[in-house]
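Structures given as structure tokens follow.
Consider the two complexes below, in which chain A is the common component and chain B and chain C are the respective partners.
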Partner chain A sequence: MALGTPRAVEAPGLPRILGPIRPRARWNELRLLGLVAVTLVVGSLSLGATLSGRFGLYDARGLAIYLGALLVAHLAQVLAGRRTDQVLLPAVALLGGVSLLLMERLPQDLVVQTFFGRTFGLADVQLTWLVCAIGVATTLGIVVRSDSWLRRYKYTWAAAGVGLLLLTFVLGTEINGQRLTLQVGPLSGQPSELLKVILVVFLAGYLSENRGLLVEQDTRVGPLRLPPVPYLAPMVAMWAIALGIVVVQRDLGAALLFFGVFLALVYAATGRISLVLIGIVLFLLGSAAMANLFEHVRTRIDVWLDPFGDPLGSGYQVIQALHAFARGGLLGMGLGGGLPMIAGRPPIPEIHTDFPLAALGEELGIVGVVAILGIYLVIVQRGLRIGVAAADDFRSLLAIGLALVIGIQAFIIAAGNLEVLPLTGVTLPFISYGGSSLMANALVIGLLLALSDKGVEPPPPPGVLPRWRRLARRGAA
Partner chain B sequence: MDGFTLVLWAVRLIFLALLYLFLARVIRDLLRDLRAAAREPVERPGRLVVLESPAGEPPVGRSFGLDVITALGRDVNNAIVIDDPFASAEHAMLTYRGRNWYLEDLGSTNGSYVNGHPVAGVAALGYGDEVQIGQVRLRLERA
Partner chain C sequence: MLHSHGVRRPLARPTIDVAIVLSIAFGILAGAAGYWGVIRSPELVRAPDDAAVIAAARTVPRGRILDRTGSVLARNKADAYGELYRVYAGPAISQVVGYASRQYGEAGLERAFDAELSGLAGDPLTDALGKFGTDRYDPRDLTLSISYDLQKAAVRELGSRRGAVVMLDPRTGEVLALASTPTYDASAIANPATSQAAFAELQDDPSQPLLPRATLGRYVPGSVFKIVTAIAGLGSGAITPATTYKEQPGAERNGLLVDGFRVRDGHHLFTGSTPLDLVSATEVSCNIWYALTGLKTGGANLVAYAQRMGFGSALPFDLPTAASQVTNGTGNQPGGFLDDVELANAAYGQAETFVTPLQMALVAATVANRGELMRPRLVTSTKGQRGGVRTIPAATMGRVIPVDAAQAITAAMVQAVEGPFGQQFTSGAKVGGITTAGKSGTAQLGGSGEPHSWFIGFAPAANPSVAIAVLVEQGGRGGEVAAPIAGRLMARYLAGTP
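And now, the complex of A and B:
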């Protein structure tokens, strides 16, 4: 019979398009994720014990769903077998888990959304977004194997971004005096979150192509030596866009973030500190003019300089945040121990979006806050490392820019919470409540994961320009 | 202080400690990664040595480490800038594919030469071969 007969036919392999896929173990990631799971379980115990007075997990179902999603994300990456970064997912997972613990303990009616007749509170909605974010980041990390769709269409992306910005200028809904939210039917989102990713893609493309020209110095302004004038135009345009965002959208945070990322990328691409200094001077001049011209900017700066000048009005939130940090002290009040309600409301109205760091400062103390900020540093380090190891300038600048977007955004809002900078309304990445913010940051992490895989597709040779550009250049030569 | 409060304090401290344990583990991984990268030698498949350069840029004797893809030409965005009046802005591309070297002329005005022969499209070359771009002659050598 069939005994001893050699196997004649090989089982058909996967379709060729996908290529041979071999699972590859990711032990570092699994170990770190295990540590994240233990940390979150202990945190949940601490929260449950403080809030209910006996030991038990607080909202075990939510935690189980979150950890399950992480496990699925890990297994999917193992099966895909790409050699991508193993630290990013655990770092983001820990931030997301802290966010989940925080949202579970805030009053659930801060956000209420109704889907199919069922009502979901703050923690449920945040959990849903967190799981989606992990899904998006993992999918991008597995699927994206080529960057030509970003590299080649950078001007298209830039145009889409400007279009999105103008759309928000015109059609945006005004909430708390800021025109940030774009509402299309039942969907609403904050385009500026997506815009920061588009900005990085465009800048990486533009700077990697014109790097040589920006390093050249043939314009002299007094003691300064500058790149050729036409190549300064994007700098001025960027400055104008940032100021436009302040004027029309009244969004100081996004303006600061965009301009900060822009300057950091210019520095990364050219290594010339003079460009950065000029940018900072321009920005300070612009800000000074804005502060004189516009009421909302002046209020922010006045509150920053002296929050106790109007303790019950404009300075109220900032003072409450400072009190929260003060109550937290060194070790904090413990998860669930902070924030005594004032008349049934938390004292800081926007605690779930703008002030999560104040809440964490109160509950985990400075020790906990430093650890959280350390995790952001880890994410930035990973991005810079991926950028250094990248195969060409575009990938390098893209990775550096993506990492810095997260780092600078975390810095701006943390500094705002702590009264180091004027308070602005950007979110704390992965911790603040909000779908747009989580999705955009998941996009960033997904792209970083994809970029960290070395040796997939070599970048196209630098000479492959559109035909008309090649002809134009030859004409010039 | 009753037992419950004590245990609760312990749990809170353990949570903070775990945050730092996570950071410590991550940083250990990062350091390991950086050390491995520092040990890894930078692999260059070859280099180009300038043999003759009437315009003086690049100077004679200069050696360029090559990447898998190296662009040559007069434009400053090229990996090897050849500032010679007879070189085009984007003159030629040197690529290393599957253990072989190829020189591709990018439609330059005065053409590229390998060992004195003009390159039509793409030409294969080996170590020791001479490349001429404009008036500049370069020799491909093992790194």
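And now, the complex of A and C:
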């Protein structure tokens, strides 16, 4: 079915950085940021009162830098004059601020990095990454006006993602039995964080092209009504990649995240519950096989089933996290009031990366945990709204996928902290310590901001497909 | 259809489904937070592997432990790093108070009352409010019924011998002294600088100083068990104070034939051919009379009355106790005896009968308190900064025998200490100027070893305020070793030591 005459094919547009400056006030964002600032100042005062015993901000310099960065981000968006979402930045800013307060009150020598002869502790490094993250998200939100660089080259991105995975496999350094970190010169990072964004871009491209077929055509396999078999191939490929990540990187969390986002996005695109069920069955089968094959997977599952079985060994961190929630109770111990040190060490060694929610649960209580979980839902809700309102399928699925990445990742690690799922080592978005995590999530927020600005550049007209894809289509039809 | 492009299909519906599923998932997380933070919280925050409990043990001062006069038995001292360790009043009290050591954990009351001493045992309300204060913990001081003076005197009396002394107030169950020897220096274990060497040495010591003999040592009781037999006989109505056995005088010479086995006795040929009653049989500690009483009472009654006084299971006490037994319980006869021979021997404390010194003190206390046994206790009150004073009231373990039966046994026990023949068996148990009741025991161990020396008793007989059990391991005859110790200690207490 042809819809009018296809327009001339436009060349892929480069990001338009400079345009006419037409400032536009963002009152909602400013008001919300004001609320965030008040919250963080109160938090810092509370921290100061608890830790140093006097009334005053705990780390006034760090807080000032952070709030200053937020103000600059806000003003930059005002000046740019785009009609982008005004809730995302404040929501992320609150999570980042909580992260900053948490990192300030943890022992600073948990992370020590030396740059140019100066040594930086945990809070300094995290503050630097937080400011960078705000910068990246805001810049993307201002600058990106075209999605063609994502849309056109989805297979290139996918190839880059797989390449990144292989590179980690070959060159990655092993930490705690997981091969997650890629070190290039002085810089190290966790590629799986970037990989999740690439995954969403690829899936949005693939699903938006093939939605119609996936929804409308059936292949009957026994009682099941399935989409055409060739279109199931990506699903099987995803399944293989997810399990591959477990095998290669021993990273259960990333596998769970990728597969979860994949299934949710397939469902959002097609509305077919059968695909999701098949996916879940495949995942469970794969997990069972992995649990039988790999010691580290089995250990995680054993600890999940009976955390108190080996309280001083494999279950130690998980149990200590549960104790932290128990100590916090409903209202928490207050910022700085929890996390008893034993011989100068926090009870949970990986508290700044894997268990920040347990730390917050102890200090802010269930009330605080629920509030933080609520902020994640706010981010997801904004993302899904942006997705549903977007101009075409690609943008819709991209926004939905990006929002789900944040939501599902937060769920996986929170569930691991709370014994709802086996513990897997993904980060808590915007709160966990770590540059890769903050940068990747900043990328997500930046893209969501850009996508929220409707109609700056219309999506490309239908029918504009690479020649080989058109030929493939004809063959399939 | 060539492309799906251009045909807008509603994405909103499935997207809302996804949002609902994710919201439910987050709701489950909130529920889990509530489960761990509220429902499981009280149990987890008190667990020994809770980080706060571990950290508090190093920084929060433990509550002190005081004796009945307020004299400090356990206090804190800071080491070079400002972390606290325990210092104790002296070795005499170690078997009661125990120790709290960073390396070796806790023992004694330090273990049993760890939650109170470390300040984690508040009630939910004060705990919730305490969270908002600067100090979260409310360590509680323990006040004991022990008299440290009396405790020291008891340890001195036992001297270098292995043994135990238990003294308690029969009216309230308050334990006045709970001495076990050899004892040890708990301060050396608690002090981080010396703990390793001290603990290793104690563990290698063949005399087992770490064993609290008064509560966990089990010994053959010998004749002190006759009081249990008397309680069961009178309580069950099998005998009266006037009961005599005509075969008894003859059996003195030839032995009492039970199931083809001769129960022998040889102590008191001087009673001649007079059949003895409860008082005179107790005065001369007649094994034959008690064997016959045991057979008449029956195994079931003997075990049942013993159980009323705590035999057969750990005693309800502030410290762990070993269970005392009348018999192994492996036989088919009533009460679990193998046969009448075992029952006859058990009736005077020489079969498969094993008792703790604390249990025997309770037997004496039962008679002293006119047949009603009070629950033994060490901790009489606890006191915290926030929680105030909490008093632990006296509690009864129930009536064992009627008042008249208890008075009859009292009369017999007075005769055993003060009667003309009794004096010969229990020289030195009498408290000067005060009517004293008691029973000595010489527990034969078989083989060539010296017997265990026992004494149980109470004073003043008319209105007892102290009951006592003394055991000296392989100390010799009860009347010669244990009885004088008991006499001196009771005299010291009644003279107003505490």
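As a working rule, the second predicted complex is superposed on the first by the 447 of 477 C-alpha atoms of A that agree within 3 Å, B and C clash if a C-alpha of one lies under 4 Å from a C-alpha of the other, contacts with A are read in each partner's own complex, and residues count from 1 in each chain.
Here, a contact is a pair of C-beta atoms (placed from the backbone, for glycine too) under 8 Å apart; a residue touches a chain by one contact, two chains touch by 3 or more.
Predicted, not measured: the structure shown is a model, and the values here were computed from it.
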I'd like to know which partner A:P90 touches here: chain B for first, chain C for second, both or neither.
first
So in the superposed three-chain picture, is A:L331 touching just chain B, just chain C, both, or none of them (first/second/both/neither)?
both
Which chain makes contact with more of the residues of chain A, chain B or else chain C?
C
Going by the contact rule set out at the top, does A:L213 touch chain B (first), chain C (second), both, or neither?
both
Please indicate which partner A:I319 is in contact with in the superposed arrangement: first for chain B, second for chain C, both, or neither.
second
Contact-wise, after the overlay, does A:A25 reach chain B, chain C, both or neither (first, second, both, neither)?
neither
Considering only touches as defined above, state whether A:S46 meets chain B (first), chain C (second), both or neither.
first
Touching partner for A:Q381 - first (chain B), second (chain C), both, neither:
both
Looking at A:V369, would you say it contacts chain B, chain C, both, or neither? Reply first, second, both or neither.
second
Touched partner set for A:I408, first chain B, second chain C, both or neither
second
Once the two structures are superposed, pull the chain A residues common to the chain B and chain C interfaces.
209-213, 215-216, 331, 334, 365, 381, 462-463, 473-474, 477
Within the complex, which stretch of chain B touches chain A?
4, 7-9, 11-16, 18-23, 25-27, 29-30, 33-34, 37, 68-69, 71, 74-79, 88-90, 93, 95, 106-107, 109
For chain A, which residues are in contact with chain C within the complex?
1-3, 209-213, 215-216, 264, 267-271, 311-312, 319-320, 322-331, 333-334, 337, 339-342, 347, 361, 365-366, 369-370, 373, 376-377, 380-381, 384, 387-388, 392-393, 396-397, 400, 404, 407-408, 411, 414-415, 418-420, 462-463, 465, 473-474, 477
Can you name the residues of chain C that touch chain A in the complex?
1-9, 11-15, 17-19, 21-23, 25-26, 28-30, 32-34, 36-38, 40-41, 43-45, 47, 49-52, 54-56, 58, 128, 131-132, 136
Footprint of chain B on chain A - complex, ascending
28, 31-32, 35-36, 38-39, 42-43, 45-46, 49-50, 53-55, 86-87, 90-91, 94, 209-213, 215-216, 331-332, 334-335, 364-365, 367-368, 371-372, 374-375, 378, 381-382, 385, 389, 458-459, 461-463, 470, 473-474, 476-477
